[in-house]
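This is the structure I want to talk about, given as structure tokens.
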Amino acid sequence: MVERKPWLDWLAHAILLLGVAVVAFPLYVTFVAATQTAEAIVHAPMPLLPGGHFIDNVTTALGGGAGAGSSAPVARMMWVSFVTAMVIAVGKIAISLLSAFAIVYFRFPLRQVFFWAIFVTLMLPVEVRIGPTYQVVADLHMLNSYAGLTVPLIASATATFLFRQFFLTVPDELVEASRIDGASPLRFFRDVLLPLSRTSIAALFVIQFIYGWNQYLWPLLVTTDESMYPVVIGIKRMISGGEAANDWNIVMATALLAMLPPALVVILMQRWFVKGLVDTEK
Amino acid sequence: MAAISIRKLVKRYGHGAKAQQVIHGVDAEVHDGEFVVIVGPSGCGKSTLLRMVAGLEEVSEGEIAIGPRVVNDIEPADRDIAMVFQNYALYPHMSVAENMAYGLKLRKMPKAEIDERVQRAAKILELGHLLARKPRELSGGQRQRVAMGRAIVRDPQVFLFDEPLSNLDAKLRVQTRLEIQKLHRELGVTSLFVTHDQVEAMTLAQRIIVMNGGRIEQIGTPEEVYGQPASTFVASFIGSPAMNLLPGRQQGGQFHIDGAALDVPPGVEGELTLGLRPEHAQLAERGWPLRVEMIEMLGAERLVYGKLGAATPFTLRLDATLPSPQAGDWLHLAFNPLHLHRFDAQTGLRL
Amino acid sequence: MAAISIRKLVKRYGHGAKAQQVIHGVDAEVHDGEFVVIVGPSGCGKSTLLRMVAGLEEVSEGEIAIGPRVVNDIEPADRDIAMVFQNYALYPHMSVAENMAYGLKLRKMPKAEIDERVQRAAKILELGHLLARKPRELSGGQRQRVAMGRAIVRDPQVFLFDEPLSNLDAKLRVQTRLEIQKLHRELGVTSLFVTHDQVEAMTLAQRIIVMNGGRIEQIGTPEEVYGQPASTFVASFIGSPAMNLLPGRQQGGQFHIDGAALDVPPGVEGELTLGLRPEHAQLAERGWPLRVEMIEMLGAERLVYGKLGAATPFTLRLDATLPSPQAGDWLHLAFNPLHLHRFDAQTGLRL
Amino acid sequence: QTEIHWWHAMGGARGEWVNDLARDFNASQKDYKVVPTFKGTYEESMPAAIAAFRAGQAPHILQVFEVGTATMMASKAAIKPVADIMKEAGVAFDPAAYVPAVASYYTAPNGQMLSFPFNSSTTVFFYNKDALKAAGVDKPPTSWPEVASAAAKLKANGSKCPLTTSWMSWTQLESFSAWHNVEFATKNNGFGGLDARLAFNTPLHLRHIENLANMAKQGLFVYKGRGNASDATFVSGECAMTTASSSIYGDVKKNAKFAFGIGALPYYPDVPGAPQNTIIGGASLWVMAGKKPAEYKGVAKFFEYLARADVASESHKRTGYLPVTKAAFTTTEASGFYKANPGTDVSVNQMIRKTTDKSRGVRLGNHPQIRTIVDEEFELVWAGKKTAKEGVDAAIKRGNEQLEKFAKTAKL
Amino acid sequence: MAQEKRVVFRSRWLPWLLLAPQAAVIGVFFFWPAAQALLQSFQQQDAFGLSTEWVGLANFQALLADTSYLDSFKTTALFSLLVAGLGLSISLLLAVMANRVARGAGIYKTLLIWPYAVAPAIAGVLWLFMFAPSIGIVAYGLRALGFDWNHLLDADHAMALIVLAAVWKQISYNFLFFLAGLQSIPRSLIEAAAIDGASPWRRFWDVTFPLLSPTSFFLLVINIVYAFFDTFGIVDAATQGGPGKETAILVYKVYHDGFKSLDLGGSAAQSVVLMVIVVSLTVLQFRFVEKKVQY
């Protein structure tokens, strides 16, 4: 930096460490709680050092043991969450790539109309039209199905918009070069645009995977069958007994399990994720 | 190889009321095997013209023929051309070899032949050891050569270049210029080369097309364009430092500029613009009086900036071996009358 | 105004094992009121040196003094310097006037005086009508002038410039060069100017510091640096086209290069490198035999590229008024022995 | 095998009970398989089921808490009366065999039993014997004044939560009204028609709510959340006394690490006629319309199983829910259970008294919403943001809007 | 950035084909339901949907007359303001610090990124767990400090709880954006300001902050939308809108009225209002994005 004040650097580190501590504390508490027995937690203050029941709790959770409320096995719920998140991520990326390609690289009647139609969906989450959407899904007999869990959540344009923004940054000369090389639109899409979009795709994948995994309100409505509960719902179901009645150790073990896949995705793909997030801004 | 004919070419962007004409009826011929450079200031329509030849822009009016075929309605891929772009437009995710091969692959050429062509081009351009690399692992100059390689393998009738050197640094630019020259000598493919750099135009072209504002100002060999510029525009655009242009009035053997009367050979009388290149004036005992304002040492020569009369700027180019004048000195300038150019005061056209 | 002394300056980036030394003990003096240009190839440490003077980088070893004060530990703001950056670094959200006034405002100067200074600077730089604009509403050249204005209003002891012209196009660069020269003449502020463009260095500098690989190769006036380059590096870096450097062996009045023996005046014997600038060789009846390979017409002159002996490249600069040789011709070159440079074959140092 | 889907709201120990019932029934025969699914709390599961019904995805059996009864009854096209099902399936079914206070609650004005009275509870008073003893309270309190003074002693002895309550509206208004023989709502608490209006703004009601508010201010009464969220605080020992559903018995017995006692709901001794009787809570099982006859048959078989004296008695003993049939009661009594577990008969005793028009029960449309409104308004009272009167008035006003709204749609 | 491509492909049918899947999905699951919402907002139905009645604007009138709805607006405004304000300022502070310490910025980034992966509902559960009055470790700590935490009754505590959970969850996102924004500010501007004599404090407010305004504005919109919708899980898990209706934000109310109170018409009317709000926000944001090319 441009001045010679080491104390400023120390201050910066101190603030950052404090920030990290505050951000990490809830996660730490979660972890500790997941290593205790239910009784140890209920008798405040709960211990702040890990106990020895981690494996027990995780096994119980995975197998669907106790729990004041639902006792569906977490393993199954994790699978549902995983499939849901994957379908949402992959599906959204696929249809968005195609539509963004159409909008950016073609001129056709109603193009602007389509653009705006897609654009309007940009920030309107499913929550604002939750009732009627539920109705539609029900009418289409998609309750309690992966289709019902996923397709309506694919119906927003964030990804289309992001790809459009990305495509606009692809130099015009590349299209020109490939046209001179004799590439058809689909060849260009496959041979040039797709490979170039790799990072954007990866970034979107992370964002959408987490979006899908973290869904709550929607699955709450469209799943009535325990075997179709995503894990987030499962956790909420576990705590319907009032604060002292829940098997918090199991709940927290489940919470840890539920955080793990999205956290892994974020950490492993951090580089793309950050880029993707920042690109969305454009 | 093929000649290119451009006939009454017009380009408009936009439709209806918002239409904007950027090329105003241009005629030009590029002979078979010729290397022609289009030069002009930014925005004059050079790229537009080139891109119409490539088929990347639609022609609004007029005709473009490559060889015997009018190509107005032919897809770029079918015009048998190759193009080198300013930013090279290499496919970033393909290796050098794949970049070069892509166009051939799309043409369903047998793999063996593709390989052979790529190898040959790589050899010509000394890219052999780079074939497996990705463009981002190459220096600017190497990328440039890959872009040329991609054009060469196609073995097209016409090469089109849109400022292919402007992303290179000065040294590399000179070097690549020489390579392109060599390449053209070897392959002899008809080439149309766009640049806004007059040095590039002068050094590369067999003939130069000077454009300005969507019109052609002059077509000619480098010597013609430099020696007999068709207009003040060409005169000031070609050559560096630019030709001194003195607006004034000729009366008998005198040319009246603001604040002084200069001795000149008699000629057209009245308002006109005189032109004299900086290197065409010499120091002399007597002659045009120049007050020195500033001197720049360039190594082999010095540029002397000064004023003729009250406020007419004049640049003089002196050999560095001559003693340097000082700011404030009065010099006297002599010149060979043959080197004097005269232009119409209104139209700027050569008289 | 103040002199700048740089003593045994060392810069290392990183710590411990990963430390990387980029400036290796540099000594230099800039006299009070002098205009010194640091020139060298990319990555040689020019910016680093300048930024240490500015206080933007810490000094690893050695000392920098501005006037009588050693400034190693003084904040940039307190060094009484002003700096012009390559990308101008104008505050995009402030108007031109605000950009110039910002430094003064921070110094709590009375508003009236700020206004007066801004007005004065604007007048010098002809920015008066632009004062209310935002930087994005200005052309490159205008931005450049605002950046200079921001430096001027501060009335500092030292101006620092880091490649301030390299974002301008060729024409504007020449023009701004002249303006900077004029400004320095008027204000007389000690200036340190970094560029990698030798033309800029030659034309602007009172003295040039030629850097290479974190070391100073030569310090001298433009004439000295051009006329008596201290090393092959300086010889080839300064001047365009570059000095011809012929590696070979001197034996009596002969200089043996690969494939030929050239007549030269006697001198140091043994392995060495001969240097001769392209403009210092003339066509003659007899002399060094040059086989022509390529010719470039630049308008006022022609560059002739050819080979001496088997494969020693040689560039010759000929007046365009002389008839042009053709590729394949054999020419003979004469020269004034005074123009011949001799360098140590190993160290590259001038003999 | 025909699958019978059963959505319930039984969490924790109750959930285990439900699963056991299904398991045992499934094991007892081969034709049907009952699949129980936990759908969250009563407030969550009912709307979920209604939504599922609208989507054509309703389960066969739906457990609906007692306050949802009016809504279910009003939706004739959505449900199938239990009486019909039993009849069609040819299963012997005698409404008279059921405990009258319970059966009447789920019976239409025309005498037809609409839902199966599965788990009925009532409001009782749980106390922590150890804590009371430690605080020097020798006799468990039976009236509200005694509760208050016991609470004060507990607090003095260091208790952070002397008294709490679950199901605010049920325990402190609905059952409270019946217990004191005053109306909770007009028109016999809604049994008399859709135009009933809330009436819990009598001086007695206000006095009680004010009392609680004062106790809350002094830290004697501690609010622990809506629904049955507070139950766990009694089980964990945090709260020493609570008014709660008799059905937490199973959980308390299993998990409490202290000696506990069960008493009748406290009352105000100066109110004439008090204590009267308490009203039922818990839930009943509704059968949704539009299913296949074979499935209904399975449902009937399942209900028949649940009503078996041994099964029902076992359920009663295990959970603290009331015995559903008279036979279950006598079986239990005969087993000596009440003697061995003092207090387990309190709920039965509170219920078998003769009811009045004001104490028979409550049947209001949108009652779940009204309960939420009461929770919301009373939270403001406990927090000291509203006086008891303001809270009560606001609850009545907002509650009446719900009643009007229901009357409008139900008539359609 | 160019808004249009210079060169485009020509095909009559291909673009339609490419658009078809997207169009189908948003048509069926976005526009159709949105139209339904509009329609339903003019209707009233019983809980089981067995009867429907057209009621004109009655639902909207009822909404406007419903003080709890207007309160919900206020609650939402307060909540969004707090979430956006706190979330943005904390993450800006962290980002500025991380941008300052050249070394370790990457590590801090990794450490701060975690909450992004946590589902809002789970975040709600975690914070509820920490702040549960009787068992929560933080509630316990607060009580030890003499602060009686009780979000079951104290509206401010409840609001604080969901704000904290929501902010915690959003910090990562904001932080990443701010850091990227900071890193894209040319170093030379900061250096120029340093030479101009600006202290770090002045540099931040005079140069960095104004230049960051596009990022800040973008994040503001995103955070408001987040606070409006994505926090449903947090509210539902942590407070369920209580005490009273003190934390019942709009989206919670839409859900509550529609799916718990089964008032579909009223819920649909609320959906319509929400849609109008969000579309305006979107347009505002887009306008700004278009304009901000300036820097």
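Should a chain be cited, it is by its letter among A, B, C, D and E, assigned in written order, with residues numbered from 1 in that chain.
Criterion: contacts are C-beta pairs under 8 Å (C-beta built on N, C-alpha and C of every residue); 3 or more make two chains touch, one makes a residue touch a chain.
Chain-to-protein mapping (UniProt): A = sn-glycerol-3-phosphate transport system permease protein UgpE; B, C = Sn-glycerol 3-phosphate transport system ATP-binding protein; E = sn-glycerol-3-phosphate transport system permease protein UgpA.
Bear in mind the structure is a predicted one, so any value in this text is a computation, not a measurement.
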(request) From subunit B, count the fewest steps through touching chains until subunit D is reached. (result) 2
(message) Give me the step distance from subunit A to subunit B, shortest route via touching chains only.
(response) 1
(request) Return the chains common to the contact lists of subunit D and subunit E. (result) A
(message) Based on mean C-alpha positions, I'd like to know which chain lies farthest from subunit C.
(response) D
(request) Going by the contact definition up top, give me the pair of chains with the most C-beta pairs touching. (result) A-E
(request) Using mean C-alpha positions as chain centres, tell me how far subunit A is from subunit E in Å, no decimals. (result) 15
(request) Go ahead and note the Å separation of the Cα centroids belonging to subunit C and subunit E. (result) 54
(request) Please report how many Å separate the Cα centroid of subunit B from that of subunit C, as a whole number. (result) 27
(request) Could you put a whole-Å number on the gap between the CA centroids of subunit C and subunit D? (result) 92
(message) Residues touching two or more other chains, restricted to subunit A: which are they?
(response) 2-3, 42-43, 135, 137, 176, 179, 221, 243-244
(request) Could you tell me which residues belong to subunit C and also touch two or more other chains? (result) 55-56, 75-76
(request) Could you check subunit E for residues that touch two or more other chains and list them? (result) 6-7, 133-134, 191, 194, 259
(message) Could you list, by residue number, the parts of subunit C that touch subunit B in their complex?
(response) 170, 174, 177-178, 181-182, 197-199, 202-203, 222-223, 226, 238-241, 277-279, 294, 296-301, 305, 317, 320
(message) Please output the residues of subunit D touching subunit E within their complex, sorted ascending.
(response) 43-44, 47-48, 50-51, 53-54, 71, 74-75, 77-78, 161, 223-226, 233, 236, 238, 366, 368-369, 372, 375-377, 379-380, 382-383, 385, 398, 405, 408-410, 412
(request) Give every residue of subunit B touching subunit A within the complex, in rising order. (result) 51, 54-56, 75-78, 81-83, 85-94, 102-103, 106-107, 150
(request) Going by the contact rule at the top, pick out the subunit D residues touching subunit A in the complex. (result) 7, 11-12, 15, 37-41, 44, 48, 51-52, 54-57, 59, 224-225, 227-233, 235-236, 238, 251
(message) Quick check on the complex: what are the subunit E residues that touch subunit D?
(response) 44-51, 53, 68, 133-134, 152-155, 240, 242-245, 259-263
